[in-house]
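Multiple structures follow.
Consider the two complexes below, in which subunit A is the common component and subunit B and subunit C are the respective partners.
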Partner chain A sequence: MTRQPARPRTSGRIDWSAYAMIAPAFAGLAALYLWPFLSTFLKSFQTVPVFGPGRFTGGANYDKLLADADFWGALGNSAKYTAIVLLGIPLAIVLAAMIQQVARGRAVYRVLFFLPVVTLPVAVGMVWRFILNGDFGLLNYALSLIGVPGQYWVADDRFAVYAFAVVGIWMGLGVNLIILGAGLQNIPVDLYEASALDGASRVRQFFAITLPLLSPSVFFVTILTTISALQMFDLVFIMLGSVNNTALSGSKTIVYLFYEAAFVQFKQGYAAAIAIVLLVIIMIVTAVQFAVQKKWVVYD
Partner chain B sequence: MTSRGAGQWRIHVVLIVAATLMVVPFGWEILTSFKTSNEVASLPPTLFPAEPTAGGFRTFFDKTPFLAQFLVSAGSLILRVAGQVFVAALAGYAFARLNFPGRRTLFACFLLMLMVPSQLFLLGQFDIMKGLGLLDTLPALAIPGIFSAFGTFLMRQAFLTMPKEYEEAARLDGAGTFRTFWSVMLPMARPMLAALAVLTSLYSWNDLLWPLIVAPAGDARPLPVGLAGLQGQFGTDYPTLMAGALICTLPLVVVFIVLQRQFFAGIANSGLKG
Partner chain C sequence: MTRKTLLAPAIVAVAALLAGCSSGSGSSESDGPVTITYGIWAGTQTPAMQEIATAFTAENPNITVKIQERPYPEFWSTLQTSAAGGTAPDAFWMLAQQIRPYAAGNQLLDISDAVKEQQVDLAKYPKAVLDLYDQGDGKLYGLPKDVDTNAVWFNKALFDKAGVAYPKAGWTWADFRETAKKLTDPAAGTWGVAAPLDYQGGYYNSIFQAGGKVIADDGKTAAIDSPEAQAGIRFWTDLQADKSSPTLQQLSDTEAETMFEQGKVAMYVSGAYWALKLYDNQAIRAKVDVAPLPTGVKQATVTSGIENVGYAGTKHPEAVKKFLLFASGEKAANIQAKSGAVLPAYQGAEKTWMNAMPEFKNLQVFIDAKAYSVPLPVQGNAAEWQGLQAKYLTPAWDGKVSVADATAQYADAIDKVLAENG
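Presenting the complex of A and B:
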């Protein structure tokens, strides 16, 4: 993120045509975002039948949610998924620094690492589901070559969330590399030259120069990754196979649970409560990350 | 960093191993799509198809209305991208460049919307589309994505950094606000417009959840929903599934190879948030 002048460069005169220019965006956002948001908030306090208007039932949905083992399970799964996907960030930092160091082939590496980002997530889920298949998947075969017993990675609640997370890292690496690569480009080269003259090793330079100066980009990537990981849906939907896969009820994420409640079971009030809880969780996690960043992000 | 040429091979080794891990799933997808289902289920797995066949592709094209779903995906993408770029540029310009009462407050409202996860809007957006009788139609897929606080924010950033002189010159020539925006400032924002268009395209093309909600069946299914349905139908016919996954992915990959720079610029400027 580049730094901008604090104040827009507007001329002093009031320009009334500004209202006409923001009108389309404002109307669309009010009707299709602000109103739906308020409606979700209200619905979370209602019991909404499939037909007809909802009826206010106070905190009933929230009470039910807190007593729902599926909800706590999904919350745990989303937390595990997010925690593991975040481990992809150190990996991305190291790879980004390496790509930055090579004289040749940068463009090729960038394209290869970015391919999963431009691949349909549905297709990603299908391919990985096949690779992780317990009977004739590529991974189990590769493991058998080194004498490790295979598992039903995506058909076993003990492993599925971790399998999703590994695929999640694979999918998100390209985006993180581009953002971190842009951050690396902003680090002045003479810093490295000066420290090289002082005899600093490459590893020492990485920790003394690269990491601190890259920390704003690392923070940005951490926020983005956390928020999107907490909203994981596509991979779970595809890799669980189908909506009615009861065998893996223990591997659902929060947004999967929301989708199921809202659009499969048509319990809109309950789904709305799940969505509100998700919002609160994301706000708390983001606020904590902003508070903690003061301790580790270096701004020049 | 030119003096380090000698040590570079070690870095390349690590990067090549990592890049290989990135590419293996695609290679396996391609190889599988040319096998028979029997061969796929055999142990140990074969690397190359014993008798290469296009059977998987044939089944995919026979059982899936690919062209119709492709047109839905492409059509909603065009609607969404064109709409969003225009609406966001207009509002972004006003927020960056014009002085009007309530500007700060209104922009703060836009920023707040940016922080709310998309799931919070889905129930209400579904109700609206249902109320308008638009379920299972192409407009339902595209309309919500036309309006984006994120796009407005990005375009405001682009206009903020532009020098004032062009605007003043246009005004001295007698151009009105909209004229100045359209003929002078908008063309200068072209790099950001391209970045926003590319990001929005990526979002629109890949999106699963919203289409699954408003067009789960019928003629308005875009490719991701169709592909998910294919999996429900041919759960273990992996050659067909891999062929389908490959075909549906290819258009965007081709666009990416051609427009790499815009993709990377879009991501670097903003991350990935729709």
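Presenting the complex of A and C:
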């Protein structure tokens, strides 16, 4: 604790102009985030008909949810997907470090890796669906050239989650590279020069300098990736194409389950409960990550 | 800068925000020109719908109709949220398996007074389709726009290649299965038939042909596990077991209709609504023909149709009612028929529809099928229990679970849904 004096207050009067200035932003936030969140929370304790007000039924939705095998299956799929997508972060670190080494045309590489990010997920899903098609897909054709038997990647629930994850990594790579690339540029060059004089190899430099000094960026990227992976919906929706897809029952993610309950089966209360449970899960996972980061993130 | 000058822009911003929220409401019912929206899902029918809207405005210069198109599955989620939020289209397409929650939730305009006033002859519409939409509350929410029955689309070139005679009226289940077997050529990568997990264009038809039912007559329990219904489902699982059809996985990757257009399957059981799409495909137009469904214990096809309905929250109920009667009326029926997109519900436009696709010589089978048609089962929250089919029936199609076990489990699940909102 330092002995800084308390900041002098101008007066005890409330400064209304400050509130007025944040009012537009707050109104937007309240209308678009706060209110929907509150009504979702309330709905999760109600049985809600498609139209009209619901009636409170206590924790019935949650009881049903915890007993629902589909819910646990979807939770497992989301966990599997998230775990695999997180494996894309080491890949992004290595790629970012490699791009940093490129002397000319660095921007070209960044743009190439960033293109999937600015492409509509729907378009991405459609293209990958063609690539992964069991009978006519490019991937199976390529595999057949080296004698590996093809699979129905997006029609077989043994493979579909992995197919999503590969596409998810590819889609997220661009953002991660930008964040990590910015982190790399903040590392002072003289550290590398000094260690080179001491005879450190490139690999040694990577582990002794790059990785520790990059760790705040890595942490940030990990948080972002985890949250967005747990919320994955669009790839299932587009890549599995129709409700009769043979892989759908076995590869729904938790947000897909939410969509199905709310917009196909018209069970808004139940869907709200799913959303709240997902929120709690994301909060716990994020809190754990913040607790663990003290052990590995280096702040200077 | 003084405090006042800071405050002023903030107030302006908030005011603008509030004004933005409230704009859009205001104009009320009057004799002035009005614009109503007509929500449809995207597909081959859009040009005909546009033409109907134009023809309506020609008769009613004060009313402009704006078509609002949405891709198919999202049509329903968008409709549901926009109806709950008060911004649904003024008029829109409805399906029998979806209408129940909208009617029960008072989201639909009752047009019975307009129908009475304009002396619309309900006998001009297929009774089976009208009944499908009847909610038993004495109200009339819409009028049928089109009607669909099922038949067997087949690829003559593949029949010729295999030296198999074209299917004829009066053929049986056994003929169908045998034909499918003969047409299957693994070396060429072609199959005799597509046997997807499809209720309306698929197994519901064979359940009724076997003398079974999907839902019991009281509407409260499933009948899909009865011996007759099981026989109807076995019609399809047998085709899978024979390997006369691509597997469900293959049909997930490439839809049955696409497979048929690509000449990968020789026969495809489905509705009249594919006629125009197949006709527009120059590569296969000359090869496509159509035959009636094979007969099981009896002849049967499920029938349904889209209805034009209005939104209870519309600001222009009178204009909407006028448009609904027009869009399901004789003139609109002829516009639809001429485009070939769909078989109109209004009696008398059938010939026009057939003449729109002169190279398809046997479209009459869809019209003849009306004589032995059965209404599509849509009891309770139909969208929900029909949505469960993949979960319970896929293993039967794949041959991993017996039809008896799969239907018994599916019946339990249907019973639960029916009990929930019975």
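The rule is simple: the second predicted complex is superposed on the first by the 280 of 300 C-alpha atoms of A that agree within 3 Å, B and C clash if a C-alpha of one lies under 4 Å from a C-alpha of the other, contacts with A are read in each partner's own complex, and residues count from 1 in each chain.
Just so it is clear, contacts are C-beta pairs under 8 Å (C-beta built on N, C-alpha and C of every residue); 3 or more make two chains touch, one makes a residue touch a chain.
Everything quoted here is computed from the prediction, not taken from an experiment.
Colleague: So, A:F263: does it touch subunit B (first), subunit C (second), both, or neither?
Modeller: In the superposition, A:F263 contacts both subunit B and subunit C.
Colleague: With the two complexes superposed on chain A, say which partner A:S195 touches: subunit B (first), subunit C (second), both, or neither.
Modeller: Touch partners of A:S195: none, neither subunit B nor subunit C.
Colleague: Between subunit B (first) and subunit C (second), which, if any, makes contact with A:S249: first, second, both or neither?
Modeller: second
Colleague: Considering only touches as defined above, state whether A:T57 meets subunit B (first), subunit C (second), both or neither.
Modeller: Once the two structures are laid over each other on A, A:T57 reaches no partner at all.
Colleague: Tell me which partner touches more residues of subunit A in the superposed arrangement, subunit B or subunit C.
Modeller: B
Colleague: Would you sort A:G134 into first (subunit B), second (subunit C), both or neither based on which partner it touches?
Modeller: A:G134 contacts subunit C only, not subunit B.
Colleague: Which partner chains sit in contact with A:P49 here, subunit B, subunit C, both or neither? Use first/second/both/neither.
Modeller: second
Colleague: Just to be sure I read the superposition right, which of the two partners does A:P24 touch: subunit B = first, subunit C = second, or both, or neither?
Modeller: both
Colleague: Is A:F37 in contact with subunit B, with subunit C, with both, or with neither (first, second, both, neither)?
Modeller: After superposition on chain A, A:F37 lies in contact with subunit B alone.
Colleague: Enumerate the residues of subunit A that count as touching subunit B in its complex and touching subunit C in the other.
Modeller: Subunit A residues touching both partners: 16-17, 21, 24, 28, 135-136, 241-242, 259, 263.
Colleague: Along subunit A, where are the residues that touch subunit B in the complex?
Modeller: Against subunit B, the touching part of subunit A is residues 1-2, 4-5, 8-19, 21-22, 24-26, 28-29, 31-40, 43, 95, 98-99, 101-103, 105, 107, 109-124, 126-128, 130-131, 135-136, 138, 141, 170, 173, 175, 178-179, 181-182, 189, 192, 196, 202, 220-221, 224, 227-228, 230-231, 233-234, 237-238, 241-242, 255, 258-259, 262-263, 268, 271-272, 275-276, 278-279, 282-283, 286.
Colleague: Along subunit B, where are the residues that touch subunit A in the complex?
Modeller: Those in contact with subunit A are residues 1-5, 7-8, 11-12, 14-15, 18-19, 21-26, 28-29, 32, 40-45, 87-88, 90-91, 93-101, 103, 106, 109-110, 113, 115-128, 143-144, 146-147, 149, 152, 157, 160-161, 164, 176-178, 181, 202, 205-206, 208-209, 212-213, 216, 223-224, 227-228, 231-232, 235, 238, 241-242, 244-246, 248-249, 252-253, 255-257, 260, 263-264, 267-269, 271-273.
Colleague: Considering the complex alone, what residue numbers of subunit C touch subunit A?
Modeller: Touch residues, subunit C against subunit A: 3, 6-7, 10-11, 13-14, 17, 73, 76-77, 80-81, 83-84, 101-102, 104-107, 196-198, 248-250, 252-255, 381, 383-384, 387, 389-391, 394, 398.
Colleague: Hey, which residues of subunit A end up touching subunit C in the complex?
Modeller: Of all residues in subunit A, those touching subunit C are 16-17, 20-21, 23-24, 27-28, 49-52, 133-137, 152, 154-156, 240-249, 259-260, 263-266.
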